[in-house]
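Two complexes, one shared chain (chain A), two partners (chain B, chain C).
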Partner chain A sequence: MARSNRPVSSRQGWWLLATALAASLPLTQHLPLWLSLAAGTAFAWRAALTWRQWHLPPRWLVVLLVIAGTAGVFLQYRTILGRTPGIELLVVFLALKLLELRTARDTVATALLGYFLVLGQFLFTQTIPTALLACLTVLITTAALLAAGDDRPKPWQQLRRAALMLAQALPFMLLLFVLFPRVQGPLWGIPQDRFAAVSGLSDTMSPGSIAQLSQSDAIAFRVQFKDTVPAQSRLYWRGPVMPLFDGRSWRVAQTLGAYPAVPYAGLGAPVDYEVTLEPHGKFWLFALEMPATLPPDSALTSDYQPIARQAVRSRLRYTQQAWPEAIAGVSESSGILRDALALPKDGNPRTRAISAAWRAQHGDDGAAILAAAENLFRRQLLIYTLNPPLLGTDIVDEFLFDTKRGFCEHFAAAFVFALRAAGVPARVVAGYQGGEVNPVDGYLVVRQYDAHAWAEAWIAGRGWVRVDPTAISAPTRISSNLANAVPVGEELPFLTRGNLAWLKELRYRLDAVTNGWNQWVLGYNPQRQRDLLASLGLNEPDWRSMTAVLSVLGGTVMLALTGWILRNRLRVDPALAAWRRFTARLARRGVAWQAWEGPQAFAERAARQAPLHAERIREIAALYARLRYGAAPRPSDLIRLKAEIAAFKP
Partner chain B sequence: MRLAELDAILGDVNRIILGKERPICLSLACLLARGHLLIEDLPGVGKTTLAHVLARVLGLDFQRIQFTSDMLPADILGVSIFDRDSGTFHFHPGPIFTQVVLADEINRATPKAQSALLEAMEERQVTAEGKTRALPEPFFVIATQNPTHQIGTFPLPESQLDRFLLKIELGYPDPAAERELLAGADRRQMVSDLAPRITPPQLIALQQRVRQVHASPALIDYVQALAAHTRTAPRWQAGLSPRACLALLAVARAWALLDGRDHVLPEDVQAVLPGVIAHRLRPTDDTARTDVEAVAAALIEAVDLP
Partner chain C sequence: MKHVKGKLTARPQSPSRGAIDRLASLDCYRAPRTSRFTLIERMQATLRHRLHETFVRWALRVRSPEPAPIVLTQRRVYVLPTQAGLAYATALGVILLGAMNYNLSLGHALVFLLGGLGIVAILHTFRNLALISIRPGRCEPVFAGGLAQFDLVLANPRPETRTSLRLFFNDEAPIEVDIGPQASTVATLDTAATRRGWLSIPRVTIETTWPLGLVRAWSYAVPDLSCLVYPTPATKAPPLPWRGESARGSVREGSGADDFSGLRNHQVADPPRHVAWKAVARQQDGPLLTKLFSGAAAQQLWLDWDGLPAAIDSEQRLCILARWMIDADAAGLAWGLLLPGIRLAPDNGPAQLAAGLRALALHDHGTQ
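Up next is the complex of A and B:
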């Protein structure tokens, strides 16, 4: 209609500027500085254009700027595909579109671009604050879109209208969210151009690497146990196993996908639980020792660690079972045992001497050597601390006999070294120990500061036996938590401190909310959808029947709405309908009818603007006025009006 | 086509009061709609002459009441005086017992005297000393008031302002009209030379005709839409009352008749809107109060024709 080529009013200009600002401000943290500055300049330019009523920049300049912006993005990334370059291009386009707001069509295009950039935010984060911010931006953008059609209401009225419309759309959104067939896979199936550094365990361990993690209270994963939560001291979450030692650091040496199923037999009562793993960029999945079942699309490594087929780059949920008392590796392959005995040629002579003495005393009796090693650790009165002193070349000797202060990786490394020196196969296992039950929703939350390292020794006939040397010196670390285990006065992650009860309570609640969001909104996957539909009585729905149900539902709603609109439309006075055709025809000639203008007033104005048709226009307007406002409209007048308008070709 | 008698009336008035076609047309519309007129303007712009001329050409009696701060209701309504000869009280009607009353500087009087006039306007009758006396028909009050910011004025409350159908301003004449006025004949003489164009019964018949002017459902929708907008938009302290809507429709009907039509168009409503809302709508923003035309234009542009 005529509205699409109406010039952009200053109020519309301000609305679009607000939209552009709201859509691009949250993205600035992901944008390079030059682009933020350029976009800011364009916004300021737009503000000046609107405020001072300047002329728009010439088209060739805008085209040049578009080329320059695209080139800038390309030069930065050597591509214009992918997440960040794509978003940056959109920001460039949005900023420059503001400089060519000529007609109402441009305002609509800009508002739609604004909506698209709102989606862009979700490519970076999908947290609740992001969603709230996006809601606000959508509100502003919708108001701008409304203003594109009718800019007369005041800003807050416009916002209220937009809010009302969005509220009306909410049920449809929820319906589609719940019922629309879900696709397996991450929310955004686009190539990740870079995986941002995420804190978490790595595949090597050297003195200090886990202590570093202990300063982070980021969540590693959440666990929901089917029954009761096992005792704290049994919560060993198996992570990367590290048998290779080069004198300073430990490394993994895994045969990926060695076992498609669990190779050992279960013992004792199984524990069922569900893990929601935060993305960490690695392949491994954490499982309570010892894993009894495997999550889908995963396999067990040669050292019994579950490994996913793809790196965990989005939140992953899997159900698992554990056999806390399983015996693994009774008949271990010689290669693995050889690896678990290898030591560097020299270094740490004092430990080697003691180990040699055990060997001489106990011979092949692994269990006895193990007991001797535990005894040594107990005798040495080692101190568990987050700030161990730096170690020189013989890290095991220095830790055990000189400094006697260390974190779990020192304990585990020294213990494994001592066992190996005494001829007992042993290896370091990294992972998490413990966790904290959130009383609000009952989830066990495992954070980065729960990272831990322990030892595994192979005893003939008993297979791999877990020994936690840290527990020998600092039993509270295992039975309670980190804060209770380290000496008073050491700097702890903020959230582990126990003396802020209200803060803890607040954190529990916030965490429960975040978890609910993760579980039910972000983690609403095909499985969840199936469960929910099953609880609604739709058993085993497949894609086809769900699509059919949705189509029928959506079709019915649309039909009802269309019918309602059509009925309203049919009620329109035929004279008014004819008048609208007439004004639309004149609008194409550049004589736009204002919706508040009376027929005669408009006819006079139109006659002045189109003197050639003055008589016709006046006649049509008079006919229409008589029909619509006259005392006894004659049917013949309506026929004449229609004929006149049909013949009217300005 | 405009009715011949109305054309003649307007021609006569316009010949004496120069360059004020629109306010004159509005005051005639007000009279035809059986309403009373409030003129707010400075002294000397022709308010008295307008009232006088209208009375003359319509063939009506004319009285003028100059309001002062020491005026009493009896000065307007009349007073009973003891007649010694007959030994009874005899009612001496006040200046209000006439067909056209010019109440000059109404806001100089105290509220008591004001309300005496305003009650008479509303009831079209006067009750004095227990006896009710009907006022002549037709009865038309033109009240003038000084801009309320002047010293020594008692502003009329909103409820009383509502008794006036229209409020208009005359304003200074434009230079050409003023020159003609200065060079032309004596206005006072011209007024007394005027001959009535119609008789009071004819005027009453015209007032009847105004009431028969058709207002279609679409037009009533429009009046309602205008009122609804004033009631919800934050621009005004309070919206138009149903009485104000009736007033708007009544004046729009008269305006349509003056334009020679038997039905009201939205243009009629828009044309009389400033006069109808001038004393009824109070903008929240005080600075916007001065320019009634601009306020009305904003209101018109904010409401689409239904």
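Up next is the complex of A and C:
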């Protein structure tokens, strides 16, 4: 029965144009230029149609344009499915829908497209500014929907009503957000294009690759420790382990998922913590050395690096345990040890010569060779810097004996090389070192500039031992942070600089807000929902109990809102309400009160028809007349009236 | 579609001259035939219609017509989503699936916010209609074949405007009204008057989809209001039946300048000093009127049921009598009416015309 055949008025035209703009402007940075221009042209056309009262373009032209737009999207991506092509198609449809606004039905379709495109924004980012922008889009779209029904109110009135209705919808949103049974996606297919390339560690390491990361203050992950935060110098976040060396760069071995559980024993009290990992598109998960437990859906590689079953394409949260020390790999397989000794045939003769001397002096005593290597690094007075000079072919020799300036990857690579040349199995471990505790929310924030590389040596009887050659030359890098370790005057990421205390304070607060948003809004997943409900006393919540709670609370909100919305019905004069009860009772006896009858006249008539109750009827009418029409009604009369009427049973 | 706003306004008492002129050309009115549908279409329509009627009977439950005022209480306001509402719900489902598939927390929030908006829309739409009271207004008599116009007085007890209420009879086009805060509005609904006599108001549906158009709230009412339908004046009628020496000439003579007896449309031959300037000034844009003055012997115009030839059936008789009344009234003549069982003394003027037409309308209908 919806009467949707009324033509679209010019005010409605403007509203829909505003909706289209609000929905597609935030997307322009993700759209190709041709589409932005085409959509802009369609919007301008709509504006002209509305302003100049032009005729709508003929339907065949709109159909042609739709085909052209779809073809354009297809030519660009060779598909019209998926995230970006889908959103672009929606933009095409929205822009062209504006050119065929004929009836109210079209306005509803346009508004719905507007809502869809809000979801499109979320596919790209879900930050707080995006959310605020989305609120604005929803507000304008809702106002346009209001205008589709009644276009007489002024724009600000429409916006105010839309805001009021959305505010009333908020309690439902909160309830549903918390209690609606969450499902872990994806439901179908894996959305491969969910995240584009992001900065982070890679599975190879060559001179300069980590130094590059040190310029980025993007967050790698956040950590919340159950108890106190361990000392800065113990915060080694184990990442990709790289045993393979080709003379210039180090690579990870392709040994995925060797251990379903941790194959070694730990020393000391374990440390409990929770990592919120930013998406980085790789499989690995970062763990505090040495990992004692594994996150769900993950395994340990043969070189003790936890990896997930699926690439980390969305923010991931996992709890883990770490042992400060562990005896790992005492009986390591020969294959792994062979890999950890392999060196190219030639190159770096000076280092090889020194290593050969160690070998001759200490034989198979790995610990002694390790000490000798540390000693060499100490003697060489190496300088830790973000801008090491370029190196030639013998990168280890040049670094150790000529330039003597390097970043952590130079230190780690040279150290591992020297050990291998001396016959001690060793490998490079990449990851992050340190982090910064945000005093506002207590989270440890690990950023890209905390990326680090260190060495691991295998000593008979002790297994794999961590050695950080950087710490030998630049102990402040480990005990404090990057900014204190590099020479004064080097260019550092903005956030690492120590000055500007107020800015730092502001940044802490901003980051804490962002983290709260990530943890509780964006990261509100089935797990978090279960935890929250359990903490509210709903043990083992399944969808049934959640639906039950949701229905009860939703019903309560609904009732409250209904009561508020229909509130003025309750403001009936109590005397009148009592009188109505009285007349209803008489009406059942066949004496109906007529609206024009005064109480006394009615009472006389009723008394004649029901003589048995004549006295009481007259008394009630007199009381009622006094209460309603008397100069100073007495409260006691009201009580009497109510009592009399309650007792009145004709 | 007609948009009615504002308070009750006074209307002329008798059928307007325009309506009479329009209808004067009609013969006795016959109801138009509906177009033909296929059997299946008819069966479907019948089934739908029957279901609908069953629902309405259940919904109305009370005896109709209902005593005034009819208050649209919560119990008699029904709410269902519109087509747009169904589309909205579908869209929300799709957005929810997308949000689930891509694990978009804000997508969930968007769906839940819009879902909440849908619920709020139900309440607002319901509130826009609930507790409106309807009282019957007036309904001017019409000729059969014309449009009966029923006035309904809608009152809004709440201090907020009721926006975009649509009222309609079964299949007629709706009219849209607003009711101001704690004010009342007259809505005029038309329906074709097909037969003479009392035409009671058809069932009124009052609905609204305001504010979002996603939900439709509606209610039914059958106010206590009837329209008097006069018989259609015949197009071709015998000349006015003058009694006694019923020659036109004698009337002309009799219609002299002694006593003022009424007004009629000005004719070129009328003396200018007989033009009723005051009356002309009163009704703007009206035709020039001539004052009629009658001698004592002028009026012996009896419109007599039995004076018509026996071959004419009773409905046609009524049509002819109606025609005569209108002509006589237009000529400003005084006339009397003789129906079986009814005698109306000769007189002229709007009251006489109304009384005469009423008698014709209710002839043989029992009630007067």
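Keep in mind that, in the parts below, the second predicted complex is superposed on the first by the 536 of 650 C-alpha atoms of A that agree within 3 Å, B and C clash if a C-alpha of one lies under 4 Å from a C-alpha of the other, contacts with A are read in each partner's own complex, and residues count from 1 in each chain.
The working rule: contacts are C-beta pairs under 8 Å (C-beta built on N, C-alpha and C of every residue); 3 or more make two chains touch, one makes a residue touch a chain.
This structure is a prediction, so every number in the text was calculated from the model and none was measured.
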Tell me which partner A:Pro129 touches in the superposition: chain B (first), chain C (second), both or neither. neither
State whether chain B or chain C is in contact with more residues of chain A in the superposed arrangement. C
Is A:Arg161 touching the first partner chain B, the second partner chain C, both, or neither of them? second
In the overlay, answer first, second, both or neither for which of chain B and chain C A:Ala601 touches. first
Partner chain in contact with A:Leu112 - chain B first, chain C second, else both or neither: second
Which partner does A:Gly523 reach: the first (chain B), the second (chain C), both, or neither? second
Is A:Gly537 touching the first partner chain B, the second partner chain C, both, or neither of them? neither
With both complexes overlaid on chain A, does A:Pro296 touch chain B (first), chain C (second), both or neither? neither
Would you please give the residues of chain A that touch chain B in one complex and also touch chain C in the other complex? 595
Of chain B, residues touching chain A in the complex: 214-216, 218-219, 234, 262-267, 270, 300-305
Within the complex, chain C is touched by chain A residues 1-4, 83, 104-105, 108-109, 112, 115-116, 118-119, 122-123, 126, 130-131, 134, 138, 142, 145-146, 148-150, 161, 165-166, 168-173, 175-177, 180, 182-188, 191, 194, 314, 521-525, 558, 561-562, 565-566, 568-569, 592, 595
List of chain C residues in touch with chain A within their complex: 67-69, 74, 82-84, 87-88, 91, 94-95, 97-110, 112-117, 119-121, 123-124, 127, 130-131, 157-159, 163-164, 166, 174, 207, 209-214, 216, 218
Taking the complex as given, what residues does chain A use to touch chain B? 152, 154, 573, 576, 594-601, 625-626, 628-631
